[in-house]
Amino acid sequence: MLKISADKLNSLFDAISAKQTLYITVDNEKGSAEYKKYESGMTLSKSLNTVRSAKDFFFPQTENLADFKVEGKNIEVIDVREESEDFVVFGVRACDARSFTILDKVFLSEPVDSYYKNRREHSTIITMACTKPAETCFCTAFGMDPTVPEGDVAVFSDGENYFFLERTEKGKKFIASISDMLEDGDTAKLNEVQEKARNIMKKLPLANLSTKSFGGERLMKHFNSEKWAELSESCLGCGTCTFVCPTCQCYDIRDFNTGHGIKRFRCWDSCMYSDFTKMAHGNSRNSQLERFRQRFMHKLVYFPANNNGEFGCVGCGRCLSKCPVSMNIVKVMKALEDKE
Amino acid sequence: MQEAMIKRAKELLADGTVNRVIGWKKGEFFYDATPAVFRTAEELDRQFIFDDFTQANVSKYLVKESRKDGKILAFLKPCDTYSFNQLVKEHRIIRENVYVVGVPGGPKLDIEKIKAKGITGVLSVKNENYTLKIETLYGTEEMPFYEAISGKCESCKSKKHVAYDELIGEDGEVLESNRFDMVEKLENMTAEERFNFWQNELSKCIRCNACRNVCPACTCENCVFDNPKSGVDNKAPADSFEEKMFHIIRAFHVAGRCTDCGECSRVCPQNIPLHLLNRKFIKDINSLYGEYQAGADTTTKAPLNDYNTDDCEPSIVHERGVE
Amino acid sequence: MNNDTLIPLIGVVTDIRQDTPDVKTFRVNAIEGGKVFEHMPGQCAMLSIPGVGEGMFSITSSPTNKEFMEFSIKKCGCLTTWLHAMDVGQQITIRGPYGNYFPVETDLKGKDLLFIAGGIGLAPLRSVINYVRDNRANYGDVQIIYGSRSKDDLVDYQEIIDEWQADPNIKVNLTIDREQEGWDGHVGFVPNYVKELNPSTNKTVLVCGPPIMIKFTLAGLKELGFTETQVYTTMELRMKCGVGKCGRCNIGNKYVCKDGPVFRFDQLGELPDEY
Amino acid sequence: MQVNENFEPVIVAFCCNWCSYAGADLSGTNRLNYPANVKIIRVPCSCRVNPMFILRAFQKGADGVIICGCHPGDCHYTSGNYFTRRRITLLYSMLDFLGIERNRTRLEWVSAAEGAKFADVMNQFTEDVRKLGKNRRLEDLRCRKQ
């Protein structure tokens, strides 16, 4: 397999960023990782994952949809869309890479969301195989192998070298564009590292989490479960889980009056917020119980019902570590799963 | 401590003093306890937990819980009692419907601080003579206990319970705390340095509203940021102005009522030091209008609901500190 | 780049009709005249005034009307209040059509139809009624039962009197909630009136109105011997995108904007009661 | 800091109806000059000025915000301006804490008889803000005119 030695990784980053915008994961001053535009001298984060998911690249927290000029009774619509620049994202984990296929199912289904599609088409996703999963990881429950992630190119590290594996046509082109920096390498040590990671995977505290109790056919059963009252009791109704989630894709469309025009923007929204479904009269989800239920039903029941059984969760574990009251999808799944 | 609390809770349930208990419920791991209401002795035995990681302040839940039928038993740490008192003062909690048992406070530990050390795959933590022995998927790690202390406990203001019906363990004292150190440090920076500091911090905000929703002082039925007619674009950090506006107003709305419980910073997924904004107000109030600790009692007037005819003029801001 | 459905088109309000004290009907044309887009009966469109808001409204005119689209809008929130205050000539943004439609070309063809509407609930059904009138040969008996709080609250009263009641091929039954001077028709709630009229059970029913009316009407119809597969309704929930992506208007796994707004009652029965 | 001579700041002045607004009137009838940069917003009492109003003024393009009210003790509503004083002191202190230039905010007591003071205050404040230049630290980029 083609590889580059670890000490040359930064020169590879320099070479890529000379041609197109490159984003890598870096550690911030507080020790948590985030995606940053690569500038010479930055080092790749050793953390397992970023706090904010990689969905930002395709579905940013806010984006302008259109501008309006209003003069008297006349309205002019200004299309503000621009062709996205080509960019590379380096260091995406298997879970986040899978989240893109889930987001694709929403945004690329008819009618196609051109804002999302534009950025998606101009991106090259370089994933990073996991070697040290955390206790909060449960991607294997959703059928992923984090040691061989999806994406356009998958990168594996054996500690000394980074190995490159093409996974799509786009990835093939990308590897060709950097092939002068890569050399053939022996994967014996890599295989060892992967074997070790797979063994750890089996020992994870959530390794036995099962999705077999969920899916579209359980809609009414889970919806009417009595467990929701207890599960949602402590929920604060904040949007942390939805905003750090790589697959949460609900949005709001709002207008902002700049004083010299109207900007219509879309921004992330959360089904946990009380105004999510609020209408001029009434609200179809009045209590936090209903809103809490909606989020988990969407991921575990509604999404698979509409997408051939694929779940709307990738097991990245962000909600496990970030919920202010430590209520999360794992606790929900364990409470709702069929006993016996 | 946990056993004593469960035992006492069971007694109070059995003799009918209370019909519910609010506390912390065991999670998937050793560190992710969830605030929960327990109704039976059996639930308490099975799930009740009180340890180094039960940080959450449960007093805000009492706003709703104290309006339900019957009395509820609440285990409150010293800092939680300040929030509790403040809510009683504002008539948000119905005091008669809560039976408060004061329990010792921290220092509590913060798993994020352990993970920030690069320790991953944690399975259990043991405290041996103030050294944490951390069992992980990748072997045993060690770190000093004090380095894992949660931010809110690092600058603890008081170990005294200001409201309780009974105590388990001994009551503590109000402490000399260093909580204004960082505020002072910022005050001594130049305006530009301060601006850059906050620009960097606040630009991380994702507007999840966790700080607002967890805050025991934020108990409005309908927040101004949830009211579309207010013209404030909630949810959307569309421009750096939005986050500044949100955080200034959030802190301002609780100025004089914030007990400095530190929950806002604890829950922030982006680790923004939000408590500094609140402490700035507390420090200003203390220095300009006399020492005041929100929640210390249920009778004194809040500083922003009060005035003296000889209060200082706002121009004092221009006269002190660094421009 | 291709057009995006989230970027709206511009329409001009060419006529405003005050139907009831709180309902106005707006006629919308493209700037260059004609319709902004084609639709099927029961579909909706997103109307907006930039800076005020955007909302989903059912298109009340029939697709057979080739000149313009109409929207009957009740004044109840921020946007609708603004719409009610505007004058002819005002431009608005419009995007659509969204959602499914009443199966006028398939399941309803050749059937005897019974329309039951309450208040502003007539709006989405008016499109179907006029579509059926314009393709009269394709359908059997047509009966309309329409009720409102008072005579003044009957939407499209002039059209009902002048055209529908005058049409010998349509039977119209009107009712109002309370006795009123100048009203010699039926008085009483719609569900009870339906039971009194005792329509034959071989009809296919299209019902729309306030949720409480729908609920009791459905119960009444069942008593009369109708089955759920015979009854269609149209729903409304809060919507933002109109294309099943923004995630708020779902009932179970069905999005009202995309999989609805028209549902048959047996389909709704399989979904959670969250609307 | 470089001073742009041509820069005309936008000043928003919240004036209490009973004193300062009348003071502004008086300065007008006395033909005293104060800069056209000042946009006056009349409020029933200085206490009516919600901190959000001030932030919103900056968002929508103000370079300086000044609040004018009755002298302490003279409030039409007895004590409104005492509350204003505490509230605005804390807010200005917070803005200062966030690194917003402190000369962009001011509070002055101007009575109905002080037309000259009103003009002086506005002249002085406008000059102070002019020196600071365009408000960049508390502006909403979306509102910036290209």
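Residue numbering begins at 1 within each chain, and the chains themselves are lettered A, B, C and D in the order written.
In the analysis below, a residue touches a chain if its C-beta (ideal position, glycine included) is under 8 Å from a C-beta of that chain, and two chains touch if they have at least 3 such contacts.
Note that this is a predicted model, so its numbers are computed, not measured.
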Which of A-D and B-D has more C-beta pairs touching across its chains: B-D
Identity of the most central chain, Cα criterion: A
Chain centre separation in whole Å, for chain D relative to chain C (CA means): 53
Chain A-chain D separation of Cα centroids, rounded to whole Å: 46
Chain B-chain D separation of Cα centroids, rounded to whole Å: 36
Intercentroid distance (Cα basis), chain B paired with chain A, Å: 30
Contacts with two or more other chains, residues of chain C listed in rising order: 78
Multi-partner residues of chain A (at least 2 other chains): 252, 256, 269
Set of chain B residues in contact with two or more other chains: 228, 238
Touching residues (chain side chain B, partner chain D) in the complex: 183, 186-187, 191-199, 224, 230-232, 238-242, 244-245, 248-249, 251-252, 255, 277, 280-281, 284-285, 288-289, 303-304, 306-309, 311-318, 321, 323
Partner chain C, residues of chain A touching it in the complex: 65-66, 68, 70, 73-77, 79, 81, 83, 106-107, 111-115, 118, 216, 219-220, 223-224, 249-253, 255, 257, 262, 264, 266, 269, 271, 276-281, 284-285, 290, 294, 297-298, 301-303, 305-306
Contacting residues of chain D [partner chain B, same complex]: 51-52, 55-56, 58-59, 72-73, 79, 82-83, 85-103, 105-107, 137-142
Chain A-facing residues of chain B, complex: 27-29, 32-37, 56, 61, 111-112, 115-118, 120-123, 136-138, 206-210, 212-214, 226, 228, 233, 235-238, 263, 266-267, 269-271
Contacting residues of chain C [partner chain A, same complex]: 1-10, 50-54, 76-78, 80, 87, 89-93, 237-238, 240-241, 243, 245-250, 252-253, 270-272, 274-275
